[in-house]
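Step one of this worksheet: look at the structure below.
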């Protein structure tokens, strides 16, 4: 089983995002692995552990710092790592999906995993777009994957615990919402070991595509309302909340 | 008739050392040995590494014997036994039979170094099945195998991978009549356990014990390395019975620190048999009319209690395991003292 | 409570056999009582790990068990670990692996120098590298440290956010752009945790009042990661150590003062192996050196009875027992009373060795939190204040005095008490 | 090329979701500004589709479309859009729309905007970005565009009506599909229905570990409330999926929604913003939730929860 995981290196939203012109100031933000991609890598490794094969992780090097992410993926059980040397922090999902699809074309993938979404999917997610480019079926919102022979059974989630089970003949692209088990921890010792021994294959970006969106403005959202903030110590806060609830007959 | 001669009975470690010391002090020595060769139990039982620096004990005995046989002050009589004794300190007359011929010896002092014999595990209160199961052996059986680097299960000739030592077999047991501690078994079991781990590195070696009693050489050079370096495993709690399970042995007992019963299969069980007075010791004691303790060992200590080589009869001294369990170090140390005391007692009488 | 021990049953929360889910009581079994196998290889497995050699040395004297803080609230102890291994427990897969707080009280009494401070990290590292069970809370702390530079998972950029409310100017060494006498390594909890910030702010005011020429690293400071190392993540520790050492060496300073004993241990005892060898002292030692000058500042009486908890990593691990006491005795009005277990035999708060991030896990395997046991000991002295000198402890004991019904005992860092006396609040 | 606005509606068990009506309402507004028609597109099998206030409704009917199948639905919509060339194709940014919008965009080479909150008459789209930390205005190039719109962005009522649907057969062959619907998965039975609760104590990633969930349970117990959560808590396995509030979870409208450690990602807000009283405790004072909550406090959730337990 040839499993490919397409990942996104995205601006961290742990802190405020600085703006430059009509977009995020990519020079002054930290980049992190999309959190859904952590689930996606885990799901891919789980499938490999169940049926055998290799997991290849591929991503676009947005700011020249993708190696760390790829080492982490290798430490978690991926077998190969490929980076597309884009070095374009502003590359949108359409462009990344195109580059990724071109890179994946030569890998004879049986399954391609991608995180179901990313916080910078302003022009859509890479998973369905890669599927479109590779002419493979796509299912997103997936929370479990089982492979038997040349088909996969996936559970897709709708809302409120409602979902559906699909059977798909491979190859396919899966948009992972959550892995069957929570992502495993990769000890730094292992990551560092990997960093010293692993080779990361470099692929030049190939194929042009763009979102076709012109950015007119990028700014923190205009706040229409704001909560009335309760100040003081935790005890004060608790006291005021309890008073509030009592006054409204809710406690 | 006073005599300047020291008669030493027994050619084991204590007898050999007594002979050497007495000779070096200028005494005239007659050493009588029951067997046709010197070296005592270490030689007879082919004891392997039992001395400091892990030297082969029977080899060390050969060195001691050579010293004695090459000393012109020492006369050795082989195949010799004491038949009777009369007289008193300074002028004993000892009738012996040596090589089938009766002989009379005048001696100013006597040192008894008639040693011990191993406990016979057939008498154990526990059901260890020494005589029924070939793979239940004793320390002495194992010692021979270790010396030959050929440790195998007697039942099938295969290399044992799981070996248990059971401590205090025949010692510290009122029902057997041996309430005493045999002193050396903990150390010897530990020593053999080390050798087992050296000769069979993938073996599991366990020692089941009431309490480990080791000191000096045994503690520092045997017990700690056994555990720390050779990973010998000690379990507190004696095995009560050894049963058969297929072609294995099943040991049953209680693991006391875990407060849990144990039923574990083993390839081989080694009984750490203790010491009893040898037949020679009992016979000589009776013949000489000297006091024995309740276990048959020659009572030593003297009136003041701090005279470890004195017997109840003046001019007759004891050394080594004849007076109670002792290791080689102890036996040899006692022998040196006995020699000094014997030579001195003669000089007093002669003076 | 004496009496026969009833057979215990075991029950797995999740179990599937041949595709049939037999979770919970469906798989209930009585615990096997008979030992049917001895497993010296499981002792050797641990003793063969680098630095864990002494695990094989235990001769079951059991001195460790009665001084082990975990045994006092549960059933644990280094001696038992050896025996459990001998009777079939793979330490790398056992919950016992995560209970040790590396408090060092066992090593203090061990005639065989069985060194759990080295054994535990090695065995834990093995478990982590082999993908064995690791408490989720601990993994979270590891991930937070790896991603955010601190176990709390707070943004690096906010590490110096606390300084603006400290009431005094706190220079950042990078902005200062000149050598300083003292580089103050604040630490993660003092930088982010609300109660830690209280102590950090107090420290800043004290240093300032003493006229110390000091600066902090600000946003460049990262967690020391010593507890993560002891919890088994050596790689993470090394990564953080390399980063910290590079930062420390970027600046000119004469001496480093740390707020926390764990940091002291890291920088003084472990970082030297990674090439960092500069003077580091704990704040109590540092302030005790300025005692005369400090006494002049302690103008206001603080009329409380104080008992002092020795942090394991300040006391047993680094030998500082007296400086904290000298500081407390210097505060006018303070009456210092000792708990029974103090100094070399001080009882552990449960936060060391990664215990800080395994409270829920530990709670499942003990009858009471270590911090609760200690809080009760503190309360039994009749003290009004439980004084501490480790940033892990304020929050731990603040919870513990509440949960044991001893809210009347205030938990304060020595820094906070000094600050009170200095400012009269 | 036309100035029509297509709304790809979504339905389950014969029932259309709110977002479909929201989009139809907005499509009408846009279509009238652009001089085109608002067209509701219903892909399904035997679905009763005359429920929209659209200018027209196209119903593609095929038994292969009786259940959502991203491959089949994608093919049908692609063919239909190619054929009719609408100005704008609107999807909900939902579990189904997310499978289709970006895919269609890549297939057709047409711009796509996701996380859309509002659309201007010039088709400039306001989008939520970076987990709600940013808002972006983007303009699509070309003659056709795709918008994937966050649920709850527009009123439902404006899209409700009774326009009769024109039924047509699938414009593409639907045999040889690689994707097969196997079965529906219903929520685990036996658990509480959080949509029916009047009080919810909702926990987020800030709760830290599974064991800490007990604290929330205890607080909920004292308040007569039920514990719900944001997605990460469910993903980590700390609560069953039936407790998840948000886009991929359930929409709730309780009298009290007490939030512990939830920062307020757009996906979560979608599920709870119409609660009557929202109180949020979070350590990050810039957490987006404070823009939605009625009361907030930047505090340690554990300390507050424990203090509340003592007071209740």
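Order of writing sets the chain letters: A, B, C and D. Residues in each chain are counted from 1.
The rule is simple: a residue touches a chain if its C-beta (ideal position, glycine included) is under 8 Å from a C-beta of that chain, and two chains touch if they have at least 3 such contacts.
Keep in mind that what you see is a predicted model, and the values were worked out from it rather than measured.
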Check your understanding: Ranked by contacting C-beta pairs, which pair of chains comes out on top?
Key -> A-D
Study note, to complete from the structure: Expressed in whole Å, how far the mean CA point of subunit B lies from that of subunit D is 90
Check your understanding: Where the centres are mean C-alpha positions, what is the separation of subunit A from subunit B, in Å?
Key -> 77
Practice item. Return the distance between the CA-based centres of subunit B and subunit C, expressed in whole Å. Key: 55
Practice item. Quick one: report the Å distance separating subunit A from subunit C, using the average Cα coordinate of each chain. Key: 36
Point to revise | Residues of subunit A whose C-beta touches two or more other chains | key: 234
Check your understanding: Do you know which subunit B residues sit against two or more other chains?
Key -> none
Study note, to complete from the structure: Expected list for subunit C, residues touching two or more other chains, is 194
Exercise for review: If every chain is a node and every touching pair an edge, decide which shape results: line, ring, star, complete or other.
Suggested key: other
Check your understanding: Which of the chains touch, listed as pairs?
Key -> A-C, A-D, B-C, C-D
Review point. Which residues of subunit A touch subunit D in the complex?
Key: 11, 13, 16-17, 19, 24, 39, 93-94, 97, 116-117, 119-129, 131-133, 137-141, 153, 155-169, 172, 175, 177-178, 181-182, 209, 211-231, 233-235, 237-239, 241-242, 244-245, 248, 250-251
Review point. Subunit C touches which residues of subunit A in the complex?
Key: 14-15, 32, 184-185, 187-193, 234
**Study point:** In the complex, subunit D residues that touch subunit A
**Key:** 12, 67-71, 74, 94-96, 98-107, 109-115, 124, 127-142, 145-146, 148, 177-188, 195, 199, 222-223, 231, 234-237, 240-242, 244, 247-251, 255-256, 258, 277-281, 285-286, 288-300, 303-308, 310-312
Revision key, fill the gap. In the complex, subunit C touches subunit D at residues 136-137, 140, 194, 360-361, 363-364, 399, 402
Review point. Touching subunit B in the complex: which residues of subunit C?
Key: 5, 33-38, 40-41, 43-44, 47, 56-57, 59-60, 83, 86-87, 112
